[in-house]
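Across the two complexes that follow, subunit A remains constant while its partner is subunit B and subsequently subunit C.
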Partner chain A sequence: MRQLGRFYLIAILLFLYTPIVVMMAMGFNASPLYELPFTFSTRWYEALLSNQPLLKAGANSIIIALITAVIATTLGTMASVALSRRTFRGRSLLQILLLPPIAIPWLITGTAMLIFFYWSGIGRGMHALLIGHVALAIPYVVLVVGTGFKTVRADLEEAAMSLGSTPVHAFFSVTLPLLYPSILGAALFAFAVSLDQFVISYFLATPGYTTLPVQIYSAIRKGFTPEINAISTLLLLGSMAAILIFARFAKPGDTRDKR
Partner chain B sequence: MQNDQLALAQTRGSVDPRVKRPLPAWVSTTALLLPTYGWLTIAIFLPLLTMLAFSFMSATPMGKTPVEFTLKQYRAFIDQPYLLRIGFNSLMMGFWTTLFCAILGFLAAVALVRATVGKTRETLLVLILLPFWTNGLVRVFSWTMVLRENGFLDNILHMVAPDAGSISILYTRYAVVLGLVHGYLPYMILTCYIALVTIDDAIIEAAASLGARWWTILYKILIPMAAPGLISGAVLIFIPVIGSFMEPRILGGRVGVTMGTVIEDQFTQAFNWPLGASLSFTLLAVVLAIFATFSGVLRGRTAG
Partner chain C sequence: MTNVKVKSVAKTYGPISVLTDISTEFPEGSFTSLLGPSGSGKTTLLRIIAGFIKPDEGVIMIGNNDVTNVPVWGRNIGMMFQSYALFPHMTIAQNVAFGLERRGIKGEAARKEVDRALEMVRLSGFGDRTPKQLSGGQQQRVALARAIVIKPSVLLLDEPLSALDRRLRQEMQVELLRIQRESGLTTIFVTHDQEEALTLSDKVAILDRGRIVQIGEPETVYERPLTRFAAEFLGDSNFLSGKVENGAVRLSNGTVVRSDSALPGNGADVTLAIRPEKMSLATADGQPNRLSARITTVIYAGPVLSYILETPDGLPLKLFAQNRDGRVLREGETVSLSWSPEHTIAVAN
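What follows is the complex of A and B.
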């Protein structure tokens, strides 16, 4: 029975990873029509270097993800302080209001943003993408930092204040250093959320300002070469790295034994 | 001695010019919350309200045609019966994806809990969840490499049987469901695992030593214990799947017409925003109804 269980788990991992590995391998195959037998080549990665639209979209994606991480982490951590440490009326309602960005299908949120941004004159483009990405990342930041708060005892801060520290000073010198891993984890998470976001970007991008996933999508639909495999491989490895580092910092789900 | 120092600290504190009268708590609480909720208002809540307003308009208000308020967009399901069929197809796509995820994910969670321990289990969990946090679009694209004619699957087949034809299922509904299951399976494994990991091994051993067969253990212990995980996993999968558009587009081709792709078309091709808005809101109503039905189970999970 135990043997069967392990065998099954290996089968599941094969199911999850085979297409990804095949896609990555095809980025190193010389044939532009994905023909086999496999001939190793780095020509598609070399071609990437001169593919201006893809490179520009990639740079846009990284810049947006960085700015999103900074803004969402700052705002989300502030909100998390209030939601984790203060008691006030309407707190549970505010917590529920964090759910729509996560729970409503992005197709609905994305089209709603398109309508509102058009109607209100905000328009599309980089700033619109930023507004959308930050909104999607904030709930995750509040969640991750909120989990971190559970491991930092409130009485440490109170002790500092009873010893004459101001609340602000107590927060910055006692709580914040203890929260540091969670906050860094939340920032990485926000970065990954933004880097992988496609649906909302798709509706808010303009022909002149796109992100990598939007560019990849239009390439997939219009015809493509293994260059798309090459850039997709880089994108996958990038977000996998961000998530693995996040897992090291924030230890999601592990709230008891670190204190 | 100690008391003296405390008194000293207090007097020093009171003359210290840096110590100001503290602001009332609600001021700082509001200041902490305002940026986040202000941002969400502009990015999420106002857009949803605007979309609701648009869904009652007779035409996209950007040409010269006068715009009237009407309920006609919501009559689309009656006026254009093909939309009903597409809606039904979307629900079926959600149903099959959820069902396969539930079976495969539940078994994987059982295997994780029963057949692995410690470091191995941790590594396996990370490996299972890792693809979930990578780009969904790229993962769907990966499947085209496997499923296309003369793709990976065909090549494997031809290694075994060189004369066999193509078994390409790209651009069929099977391909769409396969891609969606691939995308959402880690969710179900995680929710079932969280539910099952609390089971005491002793319960299962006791049942087995009292003569319970494996199917009795499955139906009387494992499935009831995993039920909250199965339900919340199903909700978290079904909702995004019925709103998906890029998976059906890429893997389904011409047969991949769903509510998602119809809505996408209204915004990118047909430029009929009011119809797109009303279809989006119909979809949102379905989503909210599902959340309302299962809110008890979902809340139980976040609390526990």
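What follows is the complex of A and C.
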């Protein structure tokens, strides 16, 4: 039984990582046509350094993902506070309406955004990409932070207020420190949603301002070069490092007492 | 040290009236229990005094200050919660220092106050631990230290002992009373545990459906309940109803019962309450009040025996007897009960 379990685990890991490992390896293969035998070379990384459009798109992607993470996490956390700590008219309606966007296909959301932005004069470009990504990421933030809120009892804030804290001070000194693993997780989620985003970005990007997935897509249409492997590898290592750092500090799913 | 006054306080939630015209005073340095079943409004009253809930009507005074419109954080209250509510991300010392810091007391001065408060609750040397490393009883004592270190005008306790097991609860009761006496803090204590209310308080207020039905010293409230609810909720009572006849009460079965309580005029309906431990099984002690009844159940609880009885006309009665002569009466025996007019209390229905 144990042997079988281990076999399954290895099979799943192979299934998940083989394509990625092949891609990373090919970034270091001298042949542009993925020919074997493997000859180690860094020529694609050198080529990448001079591929301005790809580099610029990569930088755009990271900047947009960072700004999206900050804005969506702030707004989403504020929404979570309202939804879990306040009572107001229409609260349950709001709570219900915040979640369906997660399930709506991106193609539909993207089309809707393109039409609306065109009609309302918002147009396309960096600001449109930001609005779109933030809108897309907020439901995830509310979901993650809202779950975190369930672990922070409301009477902790009351205790702080009885000791002289204003509600704002109570929130920053008691609730926020206890929520921070959830908020960090939500920010990572928002960052990933934005960085990953292709469909909506494809609709909202302009020829002058584009993101990495869109740039990769148009590059592939013209002809594939292993430079794409190179930049994908860099991006992958970056996001994996971010996730590992998060996992190290926040221990998601770990409910044991931290002594 | 200040007194607390509540004047004509009312609170409704939609169609439900939670508190109706509550007026009472909590004297300086006194320990008052708000006792009542769930839904009686006792917690709402405490939270209104704390400032978490705004009353629809009425005035809250702490000392000479009208605090009705002052938020919680401006009232200088010390509060203990049922769930302890210690801040899990802070050490014990940081928890206790929290309120001091809000009052601008920091550094060495704060450290001294914290040490003194922890010493008062017998937790010296626990300052560097986290709440999770302490037992429930210890956490509750930290919560008490945190509440009193700020020298509050009033100490508000929201069922703080109900999460503890019985033995620990009794220990904490003694501790709480000692600290309350030492600090001289005006204390208001919400509980649904009648024994806790009797043993701890200078005054007990009994709440029923949003009203204070009786407030007084534990002995007075227990010995002289004013209403049927008070007689039933605080301790056990037997109830006899009948009509007033020549200064006594004639029950429906014809028995005449005498009471030292002031009775209404002839022919009026009246309910009498008699505590089960005031009734005696001995027949020859010359008491004027007697009933005969059959024992239906005997509950043997060591020092005390509880008898459930029934009169021939079907009235249920309870009687507590000291287990003194070693003789336990059996179920089915018919006995004669007697009790004194002094212990026969006329109560409002």
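Points worth noting:
Basically, the second predicted complex is superposed on the first by the 241 of 259 C-alpha atoms of A that agree within 3 Å, B and C clash if a C-alpha of one lies under 4 Å from a C-alpha of the other, contacts with A are read in each partner's own complex, and residues count from 1 in each chain.
Just so we're on the same page, contacts are C-beta pairs under 8 Å (C-beta built on N, C-alpha and C of every residue); 3 or more make two chains touch, one makes a residue touch a chain.
Quick caveat: nothing in here was measured; it's all calculated off a predicted structure.
Contacts of A:Val174 after superposition on the shared chain: subunit C is touched, whereas subunit B is not. In the superposition on chain A, A:Met26 contacts subunit B only, with no contact to subunit C.
Using the contact criterion defined above for the overlaid structures, shared-chain residue A:Gly164 touches subunit B and also reaches subunit C. Of the two partner chains, neither subunit B nor subunit C is touched by A:Lys222.
Here subunit B and subunit C are compared by how many residues of subunit A each touches, and B touches more. Within the superposed three-chain model, A:Phe203 lies in touch with subunit B and out of touch with subunit C [touch as defined at top]. By the document's definition of touching, of the two partners only subunit C reaches A:Asp155; subunit B does not. Within subunit A, the residues touched by subunit B in the first complex and by subunit C in the second are 163-164, 166.
Of all the residues in subunit B, the ones that touch subunit A in their complex are 9, 13, 18-19, 22, 25-26, 28-29, 32-33, 35-37, 39-40, 42-48, 50-51, 54, 104, 107-108, 110-112, 114-116, 124, 126-128, 130-131, 133-139, 141-146, 148, 150-152, 155, 182, 185-186, 189, 214, 239-240, 242-246, 249-250, 260, 263-264, 267-268, 273, 276-277, 280, 283-284, 287, 291. Touching subunit A in their complex are the following residues of subunit C: 50, 52, 71-73, 76-79, 81, 83, 85-89, 98-99, 102-103, 130, 132-133, 143, 146-147, 150, 156. Across the complex, subunit C is touched by residues 153, 155-156, 158-166, 169, 173-174, 177-178, 257-259 of subunit A. By the touch rule above, subunit A contacts subunit B in their complex via residues 1-6, 8-9, 12-13, 15-20, 22-23, 26, 34-36, 74-76, 78-79, 81-83, 86, 88, 94, 97-98, 100-101, 103-109, 111-117, 119-120, 131-132, 134-135, 138, 142, 163-164, 166-167, 192, 195-196, 198-199, 203, 213, 216-217, 220-221, 228-229, 232, 235-236, 239-240, 243-244, 247.
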